[in-house]
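Structure in structure tokens, see below.
Chains here go by letter, A, B, C, D, E and F, matching the order in which they are written, and residues are numbered from 1 within each.
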Amino acid sequence: MQWGSASEFFAMGGYGLYVWTSFVVTALCMVWEVLALWRRRAAARAEHRAMLLGGTDETAA
Amino acid sequence: MSRSSMWEAVGGIVRRDLLLAMRRRSDAAMSVFFLVIVVSLFPLGVGPEPAVLRTIGPGVLWVAALLACLLSLARVFTADYVDGTLEQMVLVPQPLAVLVVGKVFAHWVISGLPIVVLSPLLGLQFGLSGESLGVLVMSLLLGTPTLSMIGTIGAALVLGVRGSGLLVALLVLPLYVPVLIFGAGAVTSSMAGIGGEANLSLLGACLVLSLFLAPWATAVALRIALE
Amino acid sequence: MSRSSMWEAVGGIVRRDLLLAMRRRSDAAMSVFFLVIVVSLFPLGVGPEPAVLRTIGPGVLWVAALLACLLSLARVFTADYVDGTLEQMVLVPQPLAVLVVGKVFAHWVISGLPIVVLSPLLGLQFGLSGESLGVLVMSLLLGTPTLSMIGTIGAALVLGVRGSGLLVALLVLPLYVPVLIFGAGAVTSSMAGIGGEANLSLLGACLVLSLFLAPWATAVALRIALE
Amino acid sequence: MLQAVTLSCRRGERRLFSDLNVKVEPGTLLAVVGENGSGKTSLLRIFSSLLPPEEGSILWDGEDIHQLKELYSEQLTYIGHLNGIKDDLTPIENVMSAMALAGEVCSRTAAQEALEAIGLKRLIHRLPSKVLSQGQKRRVALARLWVSTRPLWLLDEPFTSLDAASTGVVTQRLHAHLQRGGLAVIVTHQEVELPAERVQRLRLAG
Amino acid sequence: MLQAVTLSCRRGERRLFSDLNVKVEPGTLLAVVGENGSGKTSLLRIFSSLLPPEEGSILWDGEDIHQLKELYSEQLTYIGHLNGIKDDLTPIENVMSAMALAGEVCSRTAAQEALEAIGLKRLIHRLPSKVLSQGQKRRVALARLWVSTRPLWLLDEPFTSLDAASTGVVTQRLHAHLQRGGLAVIVTHQEVELPAERVQRLRLAG
Amino acid sequence: MIWSKYSAPQAFYPLAGRLIPWFSVVAVALIGVGLYMGFFVAPTDFQQGEAYRIIFVHVPAAWMSMFLYVVMAVWAGVGLGLNARLSFMMAQAIAPTGAMFTFLALLTGAMWGKPTWGAWWVWDARLTSELILLFQYAGVMLLRTSIDDLRRADRSSAVFSLVGVVNVPIIYFSVQWWNTLHQGASVSMSTGSKMAATMLTAMLLMTLAFWLYSVAVILSRVRCIIVERESLPVWEEQPTVVQKVAEVR
């Protein structure tokens, strides 16, 4: 193990800002993508279910 | 022709144009993308030396912004002309010049504003410093509406006068030159440590002037186009 | 579908497009004019030092030529699409790709060739030497047809799509990058005394490649656009 | 009351008509007929003030429309050869924005009812207008007539591309408009199925 | 002989028609009628191979037009909703370049005669087409029919904007074409004044 | 044949649903292992110090960005060739993820460039070509959203991504015609074979993890697209499938 302490680990030899921004932004992007997909899926399913049951007045007209 | 219904008509036109833009959200993204691409082409053509790039940076950014404006403007009225909406606009019971202002405003929000917002990032790529970035944004904020106002005159003339493409460019571009000089000048002088205030206030003057003159000229050109 | 009637159809299209260009002579002058203006805007934006201008000269000229091409391309098919001629073209008893070549050729004669012819004059403004001017002309002569070929793909793809002017720029400009690099590279290396042959032959390769691929892609895109 | 006084019109080299006098009373319709190129559209554009006449003038309630300017624009609804609808907007949005532009209020439901009145089913109210068929586009343009409150209607070949049913519907709407004291000038190649006392025909010689 | 076999067409969400079978013999005309938006234009575009059908196929003399490709294009003259004429060219140039594009020869005098046949006077043969009236533009597009030697004509609402006289002239031309053994598919909202034995009507339900 | 069986979107839908959990679980596990190796096993680089650890996101992201573009183009080509709806949907589903990785490669590269080169951005061939790649992704996606008609949107963006793929190797090799600041494969591996090995393993693990992640995300996006795009009548024609789909969800 090369890190003496947690603070040393977070400092990353003085490059903490760059290293951690890279990793955190990457993580955020991926998490955001997954969440966005989740929401999109929920919306699509809701709409589709509405279409399967009964149908809206727009399709009925 | 009450004042309130005037606002209604202008509001209507702004709303409709923004709605059209929302329908095609990519439109708004487009002028930004164009700017970014054109700006990135230059280093490809010129070579990667940072010193050279820093010197030409403000000029390149401004020329690119100007081109983006010119391109998106060239067709503000064409769609309306072809599908007959322009006839309807001319028959509206409000002064045409006022409607023109509405149309230009909507257009600027869609394609000018994004350029202004994005410019600092591009400035960074060319190695501009913090203060110069501020001046760059200010200069574009004052300059792009002027470009839009002037550009609509050209766009309206394109509709009417035959074989007018060249004529329009001849008319419009010389009018763009001062804006370009003051705009790029503001950034350059702030990079040189002189501060860009003088140039910025000249830009402001251009904006006011164009706001007063351009809508009338455009309205006249539109009427001629439709005769 | 004999060979001779194929030539007839292509000849017909070339003739018609040239005739139309003659009718609107100023449109044809447009791309040259644009080139001249963009190139002259640069010294205004960048500042007048000859050393800087010489360094950026080839790059600026090439970028400007590229933009001029792009602008004129954005509308190769639009007019035909709107007035229904394109439908007729697709129904012609000849392979569509062949007609596309005819159309691109006419277009290049109208808007690419003048650029090539005019370029030495502009090169002089940036202080290029005799030999470099030759390389510049050669590079444009090989490069602009490639730009036209690639550009038509984009033009066909965005037919009838709103905000297509900028979209076509977004689609096509990334594909232009190699041509730009080789083209500007040829001039720069001839200025550095290395000679531009390597880059010129790469440009030639690009031309051949695009001549084989682009017409087919364009034909496919046109058919899709008309469905 | 709409009146044309010693009107003449020249396009290019040709004089299309000259010394034309005609009067349209409230409650009546002027049907302009004539061969292709006889100047019907030109006349309608002169009536709408889009085209200045070579000679003569148009009077609205006795006043020259050239003087009235926006006051005259407030009186009319003009639908030309071109539909004036946006391909990217839905039919509802098209009707609403056309009305907003003209300075008339038009709610979403009003627009919807107008579209249904002219026979466009709910189903396509929300499609972008560019996918509509030729006749459906024309109907979207004409739907404005169901929400317009303007006294003067100027319509250039309103029935082109319409099927028989829609032609009937539009004719009925015209009738209602005339009954309410409105005026209309229409250009057409077809017979207008309205009571004869309401219709005045003007044949341009060509 | 032109034949549609179990044709079906869907635009967007809607199926416009399905399982459509129809046969057009030489010397006869198929008149496609139906309300606005019933799919007439779509059918004509499928016939012209511009639009691929969802299912089914079109046979020309028993062969699938999808296989025939250019050989089929050589058989037809298509005139759509859009005129396909250039605003900046004169009527004569328009006719000539349209024919050249289609790979048919057409001399200047032939073009001139065609334009006269459809009732466009000499006077306007040399004006740019953009100054023509709506109906005159349509006539320029239709003038191609007088020089076309193709057996199959596909016409989308050929009579829009035409005055009564020109409608008659075009109908006569159609008759002559059929008598020479030609085929035609036309979309129209009007009655076609041709001998009943030559005309087959296809009504799309909508 | 498996392909023909699953080439119908409705049939592919449940299959994708069954695959997604596996890919996601393994991806998460590999990311964990990769991060552990990257931060705790791999040693400090003696030239660049700790800044080099950006490599564990930068390189996988950069590789994925290019790889996904090619995959997208292949699906697009298959779609055009076989006229298969599912292929177009796959191509549509890949673009956003590819664009995201391109963005990440640019961002992490910039984060790395500031400490090592002293500038966020230089106009180097590799960097510029990555930027161009981002534009190509943007082009594909914007072209698609600009076209209302689905069939045309599919086919047009397919044509464009196919044309664009010609450009990928060209811009990739342009490094050779251009002086470049960006390092090639050898530089950071020069500190010794044993250290290079752990670094390399960590990097490859992360790449594999990103790949698995992409597959999972793309599959679930395809499922969304299928539900959104397959219109009611199509589902009605195959009631059994609807039944199955309803069960799976």
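A few remarks follow.
Basically, a contact is a pair of C-beta atoms (placed from the backbone, for glycine too) under 8 Å apart; a residue touches a chain by one contact, two chains touch by 3 or more.
These numbers come from a predicted model, not from an experiment.
Considering every other chain in turn, the ones in contact with both chain E and chain F prove to be C, D.
Comparing mean CA positions across the assembly, the chain most remote from chain E is A. Chain A and chain D have Cα centroids separated by 55 Å.
Per-chain Cα centroids separate chain C from chain F by 33 Å. Taking the mean of the C-alpha atoms as each chain's centre, chain B and chain E sit 45 Å apart.
Averaged C-alpha coordinates give centres for chain A and chain B that are 37 Å from one another. Counting partners per residue, chain A has 59 as the residues that reach two or more other chains. The multi-chain contact residues of chain E, meaning those touching 2 or more other chains, are 12, 81.
Across the assembly, chain C contributes 23-24, 82, 162-163, 167, 170, 173-174, 177, 181, 227 as residues in contact with two or more other chains. Contacts from chain E toward chain C in the complex involve residues 48-52, 70-71, 73-74, 76, 78, 80-89, 93, 97-98, 100-103, 128.
Residue ranges of chain C in contact with chain E, taken from their complex: 1, 5, 8-9, 11-13, 15-16, 19-20, 23-24, 79, 82-85, 87-95, 226-227.
Touching chain C in their complex are the following residues of chain F: 80, 128-129, 132, 135-136, 138-139, 142-143, 146-147, 149, 151-152, 155-156, 159-160, 162-164, 166-167, 170-171, 174, 177-178. Residues 20, 23-24, 26-27, 30-31, 33-34, 37-38, 41-42, 44-47, 52, 55-56, 58-60, 62-63, 66-68, 71-72, 74-75, 79, 82, 162-167, 169-170, 173, 177, 180-181, 184, 188 of chain B are the ones that touch chain C when the two sit in their complex. The touching residues of chain F, counted against chain D in their complex, run 148-149.
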